[in-house]
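Next, two complexes with chain A in common: one pairs it with chain B, the other with chain C.
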Partner chain A sequence: MATEETTSDQLGQSAELRLQKLKGQVFEVALVAATLVGIVSLLVLFAQISNDAFQPGTASSTWFLVYFGTLVAPTAAFTLYARRRPAVRTANALAFAAVFGGLLLSFVTYAVVDALSPYDVFIYAFFASLPPALVLAYDRTTDKQTYTGPLLPVSILVGIGVAALVDGPISGLVGIAAEWIMYFGLVTVPAALLVAWRTASRRGRRTGAVAGGVVAAGALAVAVASISLGTNASLLVVLYSAFAVPTGYVIWRSVKTNPEGRIGVAGPFIILGGVLLGASIVEQFAIENPDSYLTPTLLLESWDGLTASNAGVYPQIVGSIIIVGFMAVLAFPVGIGAAIYLEEYAPDAGLRGRLATLLEVNISNLAGVPSVVYGLLGLALFRRTLGFGTGIVVSAAGTLGLLILPIVIVSTQEALRSVPDDLRQGSYGMGASRWQTLREVVLPEAIPGTLTGTILALARAIGETAPLVIIAVATTKYSPPSGLFSSATALPLQIFAASANAKPEFRHGVVPAAAVVLLILMLLMNATAIVIRNKYGRTN
Partner chain B sequence: MSNEPESGVGSLQRSGFVVRKERLYGRLIAACAVLTILVTVGIILALSGRAFSFWSQISPIAFFTGTSWSPVIAESYGVLPLVSGTLIVTIFSALIALPVGLAAAIYLSEYASDKARSILKPALEILAGVPTVIYGYMALVYVTPLIDSFLPFSVELIPSGVPVLPEFTFVMPSLGTFNALSASIVVGIMIIPMVSSISEDALSAVPDSLRQGGYGLGSTKFDVSTRIVVPSATSGIVASYVLAISRAIGETMAVTMAMGMSPQMPYFPNVLRNLAESSQTITAAMVQIAGADSYGGGPTYEALFALGLTLFAITLTMNILAELVRRRFREEY
Partner chain C sequence: MSESDTSPKIQTTIETSDEESKSAPPNVRDTVIETRDLDVYYGDEQALDGVSMEINEHDVTALIGPSGCGKSTFLRCINRMNDMIEVCRVEGDVEFGGKNVYDDDVDPVALRRKIGIVFQKPNPFPKSIRENVAYGLKIQGFEGDVDERVEESLKRAALWDEVKDQLGSSGLDLSGGQQQRLCIARAIAPDPEVILMDEPTSALDPVAASKIEDLIDDLAEEYTVIIVTHNMQQAARISDRTAVFLTGGRLVEYDDTTKIFEDPEEQRVEDYITGKFG
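After this line comes the complex of A and B, so read on.
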């Protein structure tokens, strides 16, 4: 301030100058206010919606004290400790991703496979993975030039076709086996293969095989133990393979490779332990819990339009996940392929160059088409032309897939564009062909950007409501979809339908809680995308 | 982008097998790209077939000039009340989003530190990422009661005693359960990031030499921002405005939930009454028809496609307009 005063003194401190300065300051304050107004009002609305969902006002002050002691204080202390130690923070971030990512992955896998019937999923997964594995094995053993690359997706499709044919006759046979064996095949086998492959690349094949064997044997032990205890063996096998194994692997690696920061792996367990300890103390001393609407009932039961305490959105959550997951399978290959064509293959001039310009303009226009219009396209395409039933998973996923296609294409294009041309030239200089360059050099560099964009597209899709309303997806169903051709429902649809319910326990309770679930799903995806972008982001 | 590795000299020619394989990959990938054209063609075919069959039953003149929309009860298919509903929401949300978005863009591009920008930009993006059904719910359950607690609101702008001038009182009536005001507010919040991010790109593209020139002539930062940078980026800013308005026109769930389902011609001259009362947009009418499950066919069902085609035509025109503005008036630096 002092220096500015002197300069203005030298220039002659006129009233006009001071007025100018004031004007500038007012302008800047107004700009800041404008930037913040949207964010702040959204935060206020979020606060209200989560206040209605959690009802923290109804908890006793002891409840807050207990959780402050068990959860907030230790977490804060740990954060302060880790703040200035980058090694600890690295280990903590890895452990966090493994623990919470593993938990989420386990529950989502279990819920989805359980809804679609584990036997069917197993048969399809088996037949879809066998032919490509054979093709790959043939490719490894032969020196001849072969079409194995393009054959891989074809063989997967053939495998799925075979599975569809034999599913009926075989399912009776497979059905004899216990349910947990299906989960063992679906989750434990890939996990064991992954561990074996990672270990083999570091320690040689034999150690790798042993590590994979240990993982598989552990799953068998978990299954046997849980059967003898009479608990849900399937869920435990999934939890073991998708949560315990990656967590154990990450902790073991952190402790070995990062001795300075090894304390960091405790981070997620401080939070988990705090929650569990808090809950057990609250239970023990009969402390009053808040009358939260975000309860296990909400997450695990089906809808009840009359009694708020019985209402749940489990079928809606699983339906949303299945629809969005299948949509990703449909939309991503096409979207990424189109982006690769536009960025890497399309020439700049000539007839095909003009076609590429047309495609670009067309894609930017598609991105601006309102989502209801996509609903009409889905209605005409799936319902009228293909004659599918009302509101089945395939139609919903297809409609949303068309909707997010332009987003996937544009974000993949940006990722491809950010790969420096030197890398391509270097690869060509080594004699690689265009496809080899793409596969070995360009795509690996572009994967983080592509992932970020596609996850954001998924987050957009999970909240889309209008197209689903137009293609008449049911709002309330009492079980999750049992297959891709069975009718489904989605979480945002239930929120839309229930918003008309004027009962206070719905209007200021269950519906906000369901909205919080949807927001959490969406924010989780956004956070994942941001983490990927920050971790692998290119800065050129 | 067009690297030409295959153009080798004779001895460096790749084997025929590799060339064939490369060509196969190229074709597969080109097929993916061409599929996007098919989506557009599909939309136009899907919409126009049924829309024209609708217009062969209900004359397009009656459709586009009718002032009453009541497909089920009175079988009257005048689209004007729906268009006016859409216009009300679009205009008032634009009144919120366009100035706020531009100001945010100026702040982010000219004033904010790197750190502030790295936090504020993703935070603004979240505004566009929140599911619209949640915006609709928040408008219905939180925004409407909050605003209604300040209403009705009347100010005598010109008191009755003054000669010559007629008396004029500013009256904002209290809000109905469903109203256009809260719908416009949430739609406005939702489209802020469209304005701010595209405008910010345009502002950042203005070369620094122009700013330095301004400072060299003794301009203040305020003058440089408002008289040099913003005018230089006009084309980008206008394009962002058009795109944001197009998004507001196509917005569906928030207006369906917050604004209700009663199509109405606008009130004149008391414009504010339009904000306080329920109305219906084109998109909300589509949701209502689809939700009513009248899939037997008939004009009501086909009206869905006629509305869709109208909406598609409007938004397509606006998107092309934005693109043209951006190309035609782009300043080349």
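After this line comes the complex of A and C, so read on.
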């Protein structure tokens, strides 16, 4: 060394170290800026859309005061109260899921079944669930090693085939029954069975049967009461079975198992009650509402291209739900099956291995193919080759299904890949076959990741417009699709069409309001994905 | 006994030395596993080279040797866990109860139900403790009292007292040593004949490791245990017989543990054991 340096000199900050530190700080600032640019521009966009949709500027200050008093203040107070009480928050989360999940399930079920005709849906559901129920019953009665597992999906397919055959002849016969009886069979019976099963596993069979019976009897009582009052018995039966029963069950369980947090179940009712109370006060004192475009008319009526205040997108909402639901039925088994094959069964080497590798590379590429191209594919496949009608539900669902298939496959593969190999080895080492290892160890571990990926794919599909334009799905339709082969309609298409409307109140009012509806649909799907993932994550 | 070049010629001393072995009964033991000229290749690379050895029933047999010497490969050949590796090719015989396990009519799934395995890293399933132990029973269609079997297996794995009040909680909530004993309980629940252990204590702290060692001693009363270990003292403490593998996948010496550790035939083995190499 040329010059003697003391240790304390060496510990000081040299020019080089200062420069290094500065570089790090500049980099960090750049990263923060990048993050902010993205988030802020999204926030501005959402704020603009919601401002156009709700028009809060047109409301009187009294209106704001009323809702502040009934909704905002109680909710804020409750949130503050629950903030430091985990037991309350647990109960609150459960109640939230039950109340809003139940409401959502009720309205979606009712709207979809109502569009497709409750009688047909009932016949199909009945014949599709009878054979697997018989198979399961047979499995219970016999001790022998049986092959009921693979029989289940086969029996469901057979049941659907039978339903297609007998639907015509017996629909007249079933049609004699009142409509609410169909909803009773479709919604109340599964709910009652679920309650019976849950209770039976805790309290024994007899109590379970009683609990199920009570649920069913309650639905009958609701139906009778609503008929005598002259209201819509079908909707009330659905609300009772899919909203009131699960909410009641969850609240009862929360109060029983989580006594210190039981006040938490009030959370969702504070919000619901606040909205209802606010609305009734506004109504009572004739307080000036904002000129919002997001009105019951928009949600519950069909389209009117001349008067913005009469325009509704109910058929489009239901159409989107039906398309995406049927698409899920088509794409999920295929996509998840393909992913399981590629990840678990396909060999790494040899001819089949090379083929599998080629497939995997191409699937990743397909995930990036523009959606317009999928529209052309759908047109060629469903309209030209298979000769289906123009713009029907099956074509739309099939086209969107092809579009999300690569996403489903890739995300399921990721989920399977993230299952540690140790677990597979452990299972094989116990003398489990490949199928047993897959069913008992690998798939349960991969479910959360798979669900997250697939439901995000659903959210992508619900917003797709271009492929639907190409396969000529109707833009404006005055009733939701009445079956899988009837002509489809979808919310993003209506938004697209309305954005070209000559009247500015359509372009700057109805379009953003419908966009908000679409965003809410998408957010609900993502929320469902998160809830399901967390539920599975917790049990593991 | 095969006369291959790598096989030691000291087999004649087994019968006499058995009498000094502390836990072994004086009678001559039956061979349960016998390998003859076992060669294993991973692609072009040879992992085992002409290994011939006989493993006695109810013995604890330790396989020791430096890293990459093929001892784990040998272990995994016995219950055909190597089948999972596509590039792995096995030549030669591995006889279990007189039957070559690589014969075409042997189902590896059935084989693994007879020969259980415990891995280096504890790998309980993300299920409850009870479901972990009952896993083998479930997949094998066991029709007896599952709860009784679970209790018995956990007791035999010296874990029952620690977990009897939390059978429903996840196996992943246990400590590392407890997880490994859970894996042992899981392996013995379906009552296999042989238990293979691939460095079962190397991921554990010394206290947990010594518990597992005690356990292996007890297990040998009912099962044949074959254990791969890096820990020379462990092999000396728990095994009846020791096989030393050295580089190139060769079995260099195989004899009673006391003989191997006190008076090995081969200079290389002595060097390895005394730490001069490896």
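Here, the second predicted complex is superposed on the first by the 494 of 540 C-alpha atoms of A that agree within 3 Å, B and C clash if a C-alpha of one lies under 4 Å from a C-alpha of the other, contacts with A are read in each partner's own complex, and residues count from 1 in each chain.
By our rule, a residue touches a chain if its C-beta (ideal position, glycine included) is under 8 Å from a C-beta of that chain, and two chains touch if they have at least 3 such contacts.
Being a predicted model, the structure only gives us computed values, none of them experimental.
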Between chain B and chain C, more extensive residue contact with chain A: B
Chain B versus chain C as contact partner of A:Gly213, first or second or both or neither: neither
Which of chain B and chain C A:Leu377 touches, first, second, both or neither: first
Which superposed partner A:Tyr428 touches (first chain B, second chain C, both, neither): both
Touched partner set for A:Leu31, first chain B, second chain C, both or neither: first
Partner chain in contact with A:Gly149 - chain B first, chain C second, else both or neither: first
First (chain B), second (chain C), both or neither touched by A:Leu456: first
First (chain B), second (chain C), both or neither touched by A:Pro259: neither
Partner chain in contact with A:Asp348 - chain B first, chain C second, else both or neither: both
Contacts on chain A seen with chain B and repeated with chain C across the two complexes: 145, 347-348, 425, 428, 432-433
Contact set on chain C toward chain A in their complex: 79, 81, 84, 86-87, 109-114, 116-117, 119, 121, 123-126, 135-136, 138-141, 143, 170, 183, 186-187, 190
Interfacial residue positions of chain A with respect to chain C in the complex: 143, 145, 347-349, 353, 420, 422-423, 425-433, 436, 440-441, 444-445, 540
Residues of chain A that touch chain B when the two form their complex: 20-21, 23-24, 27-28, 30-32, 34-35, 37-39, 41-42, 45, 48-49, 145, 147, 149-150, 333-338, 340-348, 356, 358-359, 361-366, 368-377, 379-381, 402, 405-406, 409, 424-425, 428, 432-435, 437, 456, 459-460, 462-466, 469-472, 492, 495-496, 499, 507-508, 511-512, 515, 518-519, 522-523, 526, 530
Chain B residues touching chain A - in the complex, by the definition given at the top: 1-3, 5-6, 14-15, 17-18, 21-22, 24-26, 28-37, 39-40, 42-43, 45-47, 49-50, 99-100, 103-104, 106-108, 111-112, 120, 122-124, 126-127, 129-134, 136-138, 140-143, 189, 192-193, 196, 220-222, 225-226, 243, 246-247, 249-253, 256-257, 283, 286-287, 290-291, 293, 295, 304-305, 308, 311-312, 315-316, 318-320, 323
